[in-house]
Amino acid sequence: AETLKIGVQAPITGSYANEGQGIDNSVKLLAEQINAKGGVMGRQIEVFSCDDEGTAMKAAICAKDLVNKGVSMVIGSYTSTCAEAAQKTYFKAGVLQTSDGTADSLTEKGYWTFLRNSFPNSAEADYVADYMIGTKKYQRIVVISDFSSYATGLAEATVSAIKKAGGNVIAYEKVKADSQNFTPILTQIKSKKPDAIFFAGYYTDGGQLRAQQVALGIKADFIAGDANDNPDFAKLAGSAAQGAYIVNVPTPGMLPYDVAKDFLKSYETKFGMLPPSIWTLMNADGMRAIIHAMEQNKSFDTKKAVEYLQAMEPMPGITGPIAFAKDGNRIGSSYMTFEIQADDSYRVAHKQ
Amino acid sequence: MSNQPLFEIKDLEVSYGSIAAIKGISMEVHKGEIVTILGANGAGKTTCMRTISQLLKAKSGSIRFKNAELTGLPAHKIVGLGISHSPEGRRVFGILTVEENLLLGAYSCKSVDRKVLEWVYDLFPRLKERRKQLSGTLSGGEQQMLAIGRALMSKPEMLLLDEPSLGIAPILVKAIFKQIRAIADNGVTVLLVEQNAKAALKLADRGYVLEVGKIATSGTSEELLSSEKVQEAYLGKKH
Amino acid sequence: MKNLNVFGYPLFIVFMAALPLGLDARWQEVAISFLVFSVVALSQDIVLGKCGIFNMGQALFFGMGAYCTAILNNEYGWSLLSTIPVAILIPALFGILLAGPIMHLRGDYLLVTTIGFNIVFVQAVQNNLGGVTGGPNGIFGLDSLSLFGHEFTDQVAVYYFAFAVMLLTLWIMRNLEHSKAGRALHYLRLDPLAAESIGINTRLYKIFAFGLGAGIAGLAGTVFVAQFTAVSPEGFGFMQSVLFFSIVIVGGSSVPGIFLGVFVMFVLPEVFSPLATWRYFIFGFAMIAAMILRPRGIWPAKFGNIPKFLIKESNHGG
Amino acid sequence: MDTFFQQLINGLTIGSIYALVALGYTMVYGVMRLINFAHGDMVAASAFVGLTIYTQVMGQSATLFSVIMIFLLAAVSMACVGVILERVAYRPLREAPRLSAVVSALGASLVIQNGIMLLWGPQMRIFPELVPQVYWEIGGVVVSLIQVIILILSLVLMVALYFFVEKTRMGAAIRASSIDQDAARLMGINVNTIIATIFIIGSSLGAIGGLFIGLYYRGITFNMGWQYGLFAFVAAILGGIGNIPGAMLGGMLLGLFNAFIAGYVSSTWSDAFTFILLIIILIVRPTGILGERVAEKV
Amino acid sequence: MAGNDLVLTGVTKRFGGLVAVDDLSFSVKEGQIYGIIGPNGAGKTTAFNCITGIYRSEEGSVKWRGEEIRGLTPYQIVDRGIVRTFQTIRLFSEMSVAENIMSGRHIKSSQSWWHGIFPTPGSRRDEKENWLRVQEQLEFFDLQDYATTPTGSLSYGMQRRVEMARAMAVEPTLLILDEPAAGLNDKETCELLQTIYKIRDKGVTVLLIEHDMDMVMEMTDYLSVINFGRKIAEGTPAEVQANPAVIEAYLGSEDDDE
């Protein structure tokens, strides 16, 4: 019988493996749930996973691979870089792609096949700038990113948002992801006497940066972007985690919606743990939205599905109401700032 | 000659991969003798010596020393049994000093016997002069002396010498041969491989002539020196 | 040896020429990868296998070729095929320039310098050198293969492009074996001092090998771009170089050995892709086992490449 | 000026880790003329083994005793891995062409690296905070307890190793084996024992390096061995491979290069500049700073 | 200008503090078989290395046909017709005898490097011609039967012959041999002697180092004796043999013999 082929492109191994596995797991879980109810318009869902290892090249290869397998939509990837590397291939093949990648550039190319299921960097940047300048009134801000599209996008957007808000960015530095040793650059930063450090990269580096910042005696507040919202951040930073700030949309456990509670429960029963982060859930929402559109259209046509999504009223999602703008961006945003406590738990420090 | 040989080889065969280098040789050496093995290039002399030291493993046959079987033992056990080997091409430890080389020669003994060291220095006064010099910077002849001296450090009962005159100036060849005699007079049995047949036969009591892995002739030095065959092939009328 | 020339190669070529007809899209893609990586491995063989230069940075030239093509296409709109001369010349030139000052280094020291070059290259590309390399993400969404304005969307076209490049490489390898230059490489690998002492300018020929290897790898880079219409730094990292290095040694630095090596290293993993996580683990064992069982490689290169009239009936060995 | 001294301390800390790991490369190279590419992965493996010992054996206790036990047990287990590695992957290839053994080493590296991934998973694992985060600020320069421990312990180990190799009977046997194995056998030296010893020493030092990485940076990944292994290998080459003081010097210098280049020139170009500097040094001194201890005469 | 003469004047080569060759001068005339003898470590091989460009002497000059060749690289020196063999055999042991000899044709071949990529009819013809020359050498040295045999599996004496054939394939005017008889037994030495005569008869000048005094006395036209890098004597073999300095430093007196 004919099936509805859905691809997963995610970093199933590599540095972001637990995020990637989260995405893969939730797609499989959704597929199972839908198949149990008789599938999508009578078609069973068949899932094809491709591991992009968080690298752009592998992502490009995955894209070709998945297209060759004849999928009609792809969920993922986790990083903007990987999502971007695969975009054009999906676009050429008319395959829908929904990713939590937050780099603004993802929606700037005019590929109708791309649907962002998270909120773009620029939204986060505005929030961060407002929080740092408006609320905290920092005078000497350092911004650090790595080389990924996501991090550079977020960092650049933040720098310009801070400047627009009248703040003073004394340094904007880039670090190499996974390089572990950040002391040389932190030592240089120390000599500039900052009062806040904003880090736009991923948690694997963020935790170590924070630990080394404290070890070097740099007494600045550490504010980390959304990709640091992972339990490993605090574990990596060790006792230095306390007092670090993380900016993100609400954590899975905080989600007030019924859909969310149901989904989290089945996820936990099936996999014995909670999803690693909200990004997993955003991707699940992306998949739910596309299938919803197909069902409403009574057609598997991808183009029609997108047209429907861009026009539809917000539908209830795991991560809140879902709706899409004409450029494929998800509408809305709900950022907040968490402060890490001594026991590694979060305290909400500021809400939008 | 006593009836029980100190050292005995029986039907030894050795090969490199599929190439047979030694094709069944037997020989014996009695205590106190100097025995020489002669032969053209590639006859298998070095192969034979290396097999005695177990650096190479025999395909078949037996090698017995003081009634103990050597084949199958690991190479580093041989010197402990009383057989010392001064290899072809000297093989001194170039970045170690002369004295360090000599001390390593006594590695198999629990402790270094100062008397042996003095004896070696007596045999080769040049080595004493150069004690602290890196052995790699010695001239070829000095290195050869060092190699022999190093082999003596383990107080061997039998000494294997592989071409001690190779590439050595005539004057040093004479000096070295003289010391080999002195070593033998000290009660050490010597098995000597030489290219320089005339000199070797003058020194040795008996000899074996090896030809492509087989023993062609053997006998006392006098017999060999006067043998037609040996004359022709090795001592030969030149030109 | 004779059988290989009379039957082996023609059969292989005919088989490869007909191959895409029997494959679905996914396996066609694997087949293209096989060809591209074979060409790079052959280019590595010129440097490592023939000339004996311990080069662990061949991916650099592969990448440089790919980037030349990608940048010219992306920034200046050149068609992929028209970038070929640049994609050969720039890596070859770099190969020559880089080789110059380091060719006097011995084995392992050369190994690190070539690794170093590779790392410098990857970092330069990641840092978006000159603003054209696309940084760590690379360059995506390049044009497909086109000829005289006609665009080939089918990847079978890419396959035949790769196939042609492989044939060209094989032809050059063959010419090399039957020339003074090719022999010189063997001589200087086996004993540089002896080679120098019979009149071989070892430096010149080492640089020649390096440049030639770099040029061919660069050409393979163009094919790579045609296949993926994308480039990114990690495709040309040090790990890739290690793979090419291993292929040449595991293969035994002979042409059939290298094809086998590429097949084992790049195609088999696709066959066993369900075992993905176990793949490299098993692979490592396979590499060790291959070397232990066949220390000179699976299919060791043979010498004795001499004209018939020299071969006498009573010849020994050979 | 503070910044300069701070970078110096940072550079020396990481440099001494490189040096410890580099010793493993250099010692094996010295005797076997083999670049043991698996060494870096053993360093990584050691960190994971240490983590497991901490959670499974020591019951997550962070006392001084348990820290010492972690070091001892991890070093012993890596020494075993090293010996097995030599038996399985290198000994059969002693007579083979040199590059075959290199490829075998690369294979072993893949096996160990992916073995770690299969056993402990692909994600980053987090090393416990075994050394309390204690800092001293001396005139603007911050030195942490862990840095002091790493520096002192590495130095002690290196000096001990140097005396072992230069002044003892076993050391002389090691040096003799590294010059000429057959000649060493003729002296009654059991070369197999020597090689096993080399692997035991090298792997244990590497294991300690791995634990230092875990303690210092906390995040450990299955593939981090490549990164540290490569740098340590470069350090060994920089000093002159096969040369024990060379490896120590090379490691320290590399750590300093890294720190100063990343600090003063550009952190994004630090690897590139480090390698360029290395290449320049090699062009000027083709066998490393202290030179390789081999001489070929024609 | 004196024909194909090799003239060394005041050549000095140091290794660190060691003066391996010390102010050495001698001249080899066209057509001679010229011998160099001296104790081990006297600097003979080093002197050869200075002539053939493997080392560059710090002082002095090496003139060949009136041209200064000190400072040229080995391959440039080969290009001028000077070819050497080594004290330890350095053949390409994995390769066949024919290929080894072919390596000697390298410098005579008219192909340039790019012919290795794109052959031309001219380069193919050149290839063929050089193989024909290899055949000539195979015949000259009586090696036809071994054309395809890897040199590594030949006996030592045979390898010496291949090495000589390889050097002769270069068509040298001056052939430099470093202890060609080392490790040969008397019979093989005799054969070697005949070969060297044949080479000389082709008009090639021969310069050699040798420890085998019988051979040296028999064969050479003129001799230099070196000790500690310096020349201590020169002359015809008979003169040198009688020179007390040489006896003391090198030959040893007859009464040592017994």
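We call the chains A, B, C, D and E, going by the order they appear; numbering starts again at 1 in every chain.
Everything below uses one rule, namely that contacts are C-beta pairs under 8 Å (C-beta built on N, C-alpha and C of every residue); 3 or more make two chains touch, one makes a residue touch a chain.
None of the values given here were measured: they were computed from a predicted structure.
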Note = Note: chains that touch chain A and chain B both are D
Task = Find out how few touching-chain steps suffice to connect chain A with chain E.
result = 2
Task = Among all other chains, pick the one whose mean CA position is farthest from the mean CA position of chain C.
result = B
Centroid distance [mean C-alpha coordinates] between chain D and chain B, Å = 43
Query = So, what's the distance in Å between the C-alpha centres of chain C and chain B?
reply = 51
Query = So, what's the distance in Å between the C-alpha centres of chain E and chain D?
reply = 48
Note = Taking each chain's centre as the mean of its CA atoms, chain B sits from chain E at a distance in Å of 31
Note = The positions of chain E in contact with two or more other chains are 54, 86-87, 153
Query = Can you list the chain D residues in contact with two or more other chains?
reply = 117, 122, 268, 271, 298
Query = Got the chain C residues that touch at least 2 other chains?
reply = 126-127, 193, 277
Request  = Over in the complex, which chain A residues touch chain D? Could you list them?
outcome  = 12-15, 17-18, 147, 173-176, 178-181, 183-185, 187-188, 190-191, 204, 207-208, 211, 214-217, 232, 235-236, 238-240
Ask   = Which chain C residues qualify as touching chain A in the complex?
value = 24-26, 29, 126-127, 135-138, 140-141, 228-232, 234-235, 276-277
Ask   = Which chain D residues qualify as touching chain C in the complex?
value = 29, 35, 88-89, 92-93, 95-104, 106-115, 117-118, 122, 226, 230, 233-234, 237, 241, 268-269, 271-272, 275-276, 278-279, 282-283, 286-288, 298
Key: chain A residues within the chain C interface of the complex   = 13, 51, 55-58, 60-61, 64-65, 68-69, 81, 84-85, 87-89, 147-149, 152
Task = Would you tell me which residues of chain B are touching chain E in their complex?
result = 19, 39-42, 137-142, 163, 166-172, 174-175, 178, 195, 197, 232-236, 238-239
